[in-house]
Structure formats: structure tokens, C-alpha cells
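One chain, chain A, links the two complexes that follow: it is found with chain B in the first and with chain C in the second.
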Partner chain A sequence: MEDDDRCSSNNPGGIEQEEEDEDGTVLRFLDSLDSYLTLLDALSSTLRQGWFELASARHSMGSSCISSVLLDQKVRSAATTFQVGKSIDGSPSESHPSFAISKWASSRDGKCSFGEMEVSHVQKTSKNSELRHRGSSNFYDTTEEHDLRINASSTIGDGDVQKERSKSLSVFGTLVSPKLRAAQVSFETALDAIVEIANIRSSMLCAFTQLQQEMKEKGLG
Partner chain B sequence: MYGFEALTFNIHGGYLEAIVRGHRSGLLTASDYNNLCQCETLDDIKMHLSATEYGPYLQNEPSPLHTTTVVEKCTLKLVDEYKHMLCQATEPLSTFLEYITYGYMIDNVVLIVTGTLHERDVQELLEKCHPLGMFDSIATLAVAQNMRELYRLVLVDTPLAPYFSECITSEDLDDMNIEIMRNTLYKAYLEDFYNFCQKLGGATAEIMSDLLAFEADRRAVNITINSIGTELTRDDRRKLYSNFGLLYPYGHEELAISEDIDQVRAVMEKYPPYQSIFAKISYGESQMLDKAFYEEEVKRLCLAFEQQFHYAVFFAYMRLREQEIRNLMWISECVAQNQKSRIHDSVVFIF
Partner chain C sequence: MAGRGQIRTNNSALIAMIADEDTVTGFLMAGVGNVDLRRKTNYLIVDSKTTVKAIEDAFKEFTSREDIAVVLISQYIANMIRFLVDSYNKPVPAILEIPSKDHPYDPAHDSVLSRVRYLFSAESVASGRR
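Moving on, here comes the complex of A and B:
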């Protein structure tokens, strides 16, 4: 006890540093949890919107034009691919899986795809966001503004992305209703949200694991 | 100039005109739609429809109901009524009634050809075909590799044969060619139907000219809007427009070069009958355009029943039933997706 007192009195900075690290871990966990819940809400409303737009398109074009029997069963390379990697926050012991998608991969020729840029920008936004209100999709309202800015600066990829989108919709015909295109964009946004949710969940679980370890060590000490 | 239809029409057409007017009185009213819009589940919809003429078609369907089941069963009712009228009809009414089904035939041909291109099973595709558009050799469509074979093997013996002369090529069938084929066939069909009605003369010619011209104009607008941002060239777009209608020919020239919805609006607002349609939608928006067109169509179809002794009532009835089935499909989808606040986005009341 006297030794501890002497240690604490001799090294007050070290204890403060530990407490700051612990607070940082708690904040990281709470921040990830908040982002996770917000994104879940946004995903739910985006999917709802997508299904509604699909129903609108079917109402506009007719049930025979938009039907599951028209989906292509030929084997072809995927337009969108999914990568799993490792992300390191801080020390090497804090690595956790990270996920990314490459959308419209067939339009790329050695340059960064529009889809990759979009997801990485969304990730940065999620780390730097201020307090958000859950139950609304304003996270993706913000993302849409970023999309517009990305659109303005990435005009090289726009035409290719549009072509790929039209190509994937061509199973329903080449002259499809704008409502079907809107549904496609909604489901694409939902896919981005799912990948982002996976990343945030991974980060959240990593922070939670660290927190548990620190609390365990503190309990033993 | 009308002839003395009042003296002779009822000899051959009186019974069926009475039948179709009776069917018209069975169309759902605003109070029926209000009840349906308040349903919480598809089983509630089934319960409300059991008190209507759709009751016998839905009563044996097991729960849980699906939106496609509601549409299929309601369509079966329309098919039964149509077949009853067709088997009772004499010339030229029987030919007129057959003309009404050629549009469904075209849709079925495109469905089979597209599905085959995507390596789908033919039986699966046949189950999704519209019953009014079926013909004997439809399953053989799956064998054709290009339009020439399509015509030679199957369609030469169908009523669609005369419409193929404009689109026979030896090019392999792909998504773009199939879309152009669909629209070219429909264009030829509408023009043929229009000419047939002109030959019939009298009130049939006058009323059907108005209805078919509206259909041609609506198709031109939809083709324009749907082709914005696609690879379809201006010339190809222009070729898909029908050679009749209020927009023919000057409106078509302007629509062919339109690049966005606002330019389409600027073209259409020059024509007084279409000003009211575009007045209902805001600038840059096309979501409510379908509903605005359907409302205008329903208004014109209902007016067809104000006169007697013509065949347009049969066409009007079929189209009004189609609109009713579209309404039921929309209400079912909104209820199934828990989007009841959006039901009135697309429901078009008939009465």
C-alpha cells in the first residue's frame, strides 16, 4: 500500500495517461455504437424506399416487364466485388477485419473506381461526424452532398458507371422507367451502408474487446 | 359522319353491348377503394374483395396471400369475361375484340424471347405470360436465334405476322434489339388497329380514334423519357413513334431531340389537351406523370360509355378493368410494405 502510494505519487503522469487511454477506448466504443445504430436506421429506410420504388416501377412498366423470371442466369463476372482486409487502429494488437466493395469493377482499367472512392469517403465522414439524431436518414443526406462533390470531381468515372448501371438493368429492357433506375440507386446505397455497418461493427467489437481487457487488468491490479 | 347505327346495331351487337354495360357497373367505386385503402393486411383486402365480383376468384386462395396472387386472380376474371364476349361476337365485332389482345401477345412474345436469352426455363416463362396474349405455338419461340427465325418458325401463323415486316433482320437477338422489336411491333399494331377502326366508321371510328391517338401520344412520351441517357439514338427514337396522334408529326420531331423531362414538358405544353396533365407535376419531376396520364385516360374511357351503338365500349371496358387491376396491385403492394401513406400516389379512381 505504501509502495503503491509511493508509485502513484512518484508517477502521477502515468496514471493519468492510463485513465486517458481508457477514456479514449470508451469514447471510441460509444462513438462506433452510435454510428452503428444510426447506419442501421438509415439502411432500413433506404431499403424501404428501394422496395417502394421497385413496386412503383412494376406499376408503371407492367408485371411482365419487371419479373423475377427475366433475371439472367448466365454465368458472368461480377460487376461488384467485396474485399476483406485488416485494419489497424493504433497498435498492431488492435487490428480488426475491414471490408470494402469495388462497384462496377468491369469499368475500371487500373484506376480507382468510383465505388471505392465513395465508400472511403463515407468511412471518413463516419469518423468525423458530430452528434447525430437517430431515426432519420440524415447521415445519408450528408453522404449525398459528398456524392455530389465526388460526382463533380470524378467525371471520368460517371459515364462508365452510368453504362454499367444501364447494363445491369438491361435484363428488364433497355427503355426502363426512371422509377426503376431510382430503385437501383437506392439498393446501391443500401449496399454501401451494409459494408459500412460491417466496418463499424468490426471497429466497435474491437473497441469493446479492448475495454473488457482493460477493465479486467484493472480489476486484477 | 354517323350512319343509321341505331337501326341495325342491336341486331348483332345489342346483346353484347348490354353485357359489357352490365360488367361496367361492376367496377369498383370510390367507397370500395376507401375500404381497401384502410386494410392492414392482404387478408383484409381479400375479405373486402369477397363482397365484390372478385369474390369467387379469391375465396379459395390460402393465406398468406401474395400481391401477385391478387393480380393473377383478378386478371382471370377479366379473361373469363372477355372470352364469353368473344365467343358470342360476330364479325366485325369479333375481329375488333381480337385486336384488343394483340398488345398482350406482343408482351408475351417479348417475355419468352427475353427469358430464353437469359437462359430461363420455358415453362416458368409460360406461367408468367398474360392469358389474353396466349397462342398455340408460343412455346416454340424459345427455339429462335434471330428475328428472321422468330418470324419464320412461329409468328408467320399468328396475327402478329403483318407487324414483323418492319423489323425482320438476321441480327442475333439481344436486349437492345428486343426492346426495339417490342416497340416497333406495338407501333405497327396501333397503326393497324387505328386503320381498322377508321374502316368501321361511325361512332366507333370517332371514339376509337381519340382513344388510340391518346395511347400513341402517351407511348411517345414514355419512350422519350425512358430513353433519356440511354444508347438509343435520336433517329431510332423517332422511328418508334406511331404515325398518328395529336403529336404527329411536329411534336414527334421535337420529342425526338429532347434530352430531359423539362424539354419534354415544353413540347407537350404546346398541345392544350396535355397542358392539364403537365400542370399536375412540378418541374424536373416525372414520378407523378404516370398517374396524370392514367387519370386522363380513365376520363376518356368513361366518356366512351356516354354513347350507344359502337364498339369502343368494349375497348373502354377492357382498359378500365386493367386500370382497376393496377389499382388493386398498387394497394396490395402498399399494404404489404406498410406504406399506406403512399397509397394515393398511384390509385386512380374510376367513378
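Moving on, here comes the complex of A and C:
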């Protein structure tokens, strides 16, 4: 015990640094947990909007015009894909996967897509220092913002992206309801949230693993 | 958990879905649908006739494919194969439980939150005090 006291008094800086690192891990974990729950709440809102718009489109176009029976089994590649990379928090041994989305990639060659712009918006919002209130879906839209997003999607996206979007809807007919297009935008927005959730999940699990190791070293786990 | 096992990087990975018709239809409109030469899809539409075995097989297939980055599964469907979902611990593909139209998201059933929940349990706090 006296030896420990001597050690701690000989190296107070090292112990303080260790405690700071632990606090940092705990904070990172708690931040990730909070972001995870907030983003899931936002995703729920976006999906609800998408389902509502899909139901409206079904009402105007007819149930038989929008059903899974029409989803043909023709060989095709996904136009929207994910990129999986490695992210390192702290030590190199604590790498975890990071995800990014590439929307309508078959029509692009390295251009910044509407989707990527959306991810940036989400990242900025998530770093906002204002208190987040779950249940109010601060990340995503009021009706006005959603309408702006629909209008933006038809103007910001270049011609090729619009072609890919139309091609994706063509399985439901040549002329589709505006509500179906709105539903498409909602589900694209949901994909942005999913990328963020995947990254936050990855970061949370990494911080959790570090905390578990620290607790084991201290004999608490 | 994160960090265990090799993380396979991939520039063009798919998102798989095990969900109800409306959810799958919506995401297919967003361009994530893929059908390969063997007519294998990256989604399973679950309805009242879908068996638990079919859901289990789809989950096992999607989680073992190297070209899939994320598996989206409606939480009420994940509850049908909870043991399988909770025992999955690879970093990629990431398993995300999402709400469905008739079943809102419940954090208490989320497999990721269940894993980390014990940090806040009375036992872990009590062991820290000893």
C-alpha cells in the first residue's frame, strides 16, 4: 500500500493522463449512444413519411400498380451502394468499420452526389452543440423542408441521376404519381440516416470494447 | 464487437433488407436493389406466409456474403430470430434494426443496446464500489 502511494506520488501525471483517457472513452461512448438513439428516432420519422407517401401513391395509382409482384427478377446491379472503410479511434488496434454511401453511382464518375451532400448536412447537424430532444426529430424535416428537398432533388441532381431515379420508378409505370416520387426522396433520405446510424453504431461498439478492457484491467468486469 | 476480426474494405458493397413489402419497395425505389446472375436478390420480403426458417436462412446468407455492408432488418422480424441476431458479433456487415409501419422501434429489444446495457446495470455499479 505504501509502495502504491509512493508510485502514485512519483507519477501523478501518468495516472491523471490515464484517468483523462478513460473519461474520454466514457464520453465518446455516451455521445455515440445518444446520437444512435436520436438518429433512430429521426429515421423512424423519415420512414413514417415515406410509408405515408407510398400509401398515398397507392391510393392514387391503384394497389395493383404498386406492389412487390412488379419487382421483377431481371439481373441488375444496385445503383446505390455503400463504401466500407476503416476508421481508427485512438490506438491502431482499435480500428472499426466506417461507412459511406454512393447514390445512383452507375450514373456518376466521382462527382459529389445529392446523397453525399445530405450526409454532410446530417454530420453538421449532429455536431450542433444545441441540446437534442428525442421525439422531435430535429435532424430531419418539417413539411416545408421536405418539399424543399423534393424540389432540390429534381433540380440539383444532374440529368443522369434523374434518369436513374426515373428508371427505378419505371417498374411501376411510365407516368407515376408525384407522391411516389416524394416517397422515393423520403427513402433516399432514410438511407442517409442509415449510413450515419451504421457509423455511430460502429463507434459506439468500439468505445464499449475499450471500456470493457479498461474495466477488466481494473478487475471490475 | 468492433475491432475483432478483419474489417473487409469494399468500395461497392450492397445493403441487404429483411423487411415488410412497403419498406423493401421504398428502399428499392431508392436504388439499392440488386439481382445477380444467379437471380439471387439482396432482399427478402416478409409477409404472413414467410416462415421463421426462411428468415433465418436469409439472415445467415446475408451475414455471410462478402459483398454486403449493412443488413437492415425490421425489429419485429428480428424478434422472431432474436437468438440469431443477438449472437451475431462481426463488425461487417452491420446489422441495423429498423421500425416497421405497425411496430415502432423499441430500444429495449435492440441487440446493440442490449449488449451495452449491462454497463448501466446495478451489478456493474456495485462491483465498482467494492
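The definition used in the following text is that the second predicted complex is superposed on the first by the 178 of 221 C-alpha atoms of A that agree within 3 Å, B and C clash if a C-alpha of one lies under 4 Å from a C-alpha of the other, contacts with A are read in each partner's own complex, and residues count from 1 in each chain.
Keep in mind that, in the parts below, a residue touches a chain if its C-beta (ideal position, glycine included) is under 8 Å from a C-beta of that chain, and two chains touch if they have at least 3 such contacts.
Keep in mind it's a predicted model, so treat the numbers as computed, not measured.
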Exercise. After the match on chain A, would you call chain B and chain C a fit or a clash?
Worked result: fit
For this session: Check whether A:E188 is in contact with chain B, with chain C, with both or with neither, and answer first, second, both or neither.
Result: second
Exercise. Of the two partner chains, chain B (first) and chain C (second), which one does A:L40 touch, if any: first, second, both, or neither?
Worked result: second
Problem set entry | Partner chain(s) touched by A:I197 [first = chain B, second = chain C, both, neither] | second
Exercise. Does chain B (first) or chain C (second) touch A:S102, or do both, or does neither?
Worked result: second
Exercise. After superposition on the shared chain, which partner residues are touched by A:K179: those of chain B (first), chain C (second), both, or neither?
Worked result: first
For this session: Specify the partner with more touching residues on chain A, choosing between chain B and chain C.
Result: C
Exercise. With the two structures laid over each other on chain A, which partner does A:L71 touch: chain B (first), chain C (second), both, or neither?
Worked result: both
Exercise. Touch check for A:S63: first (chain B), second (chain C), both, or neither?
Worked result: first
Exercise. Once both structures are aligned on chain A, how many angstrom separate the closest C-alpha atoms of chain B and chain C?
Worked result: 5
Problem set entry | Residues of chain A that lie at the interface with chain B and also at the interface with chain C | 51, 55, 67, 71, 73-74
Problem set entry | Residues on chain B engaged by chain A in the complex (per definition of touch) | 68, 71, 107-108, 111, 114-115, 118-120, 124-125, 128-130, 175-176, 178-179, 182-183, 222-223, 225-227, 229-232, 286-287, 290, 326, 329-330, 333-334, 337, 339, 342, 345-346
For this session: Give every residue of chain C touching chain A within the complex, in rising order.
Result: 1-4, 7-15, 21-37, 39, 41-42, 45, 69-70, 72, 91-92, 94, 96, 98-99, 101, 104-105, 107, 112-113, 115-116, 119, 124, 127-128
Exercise. Mind pulling up the chain A residues that touch chain B in the complex?
Worked result: 48, 51-52, 55-56, 58-60, 62-65, 67, 69-74, 162, 166, 170-171, 173-179
For this session: In the complex, go through chain A and note every residue touching chain C.
Result: 29, 33, 36-37, 40-41, 43-44, 47, 50-51, 54-55, 66-68, 71, 73-86, 93-97, 99, 102-105, 164-165, 168-169, 180, 183-184, 186-188, 190-191, 194, 197-198, 201-206, 208-209, 211, 215, 220-221
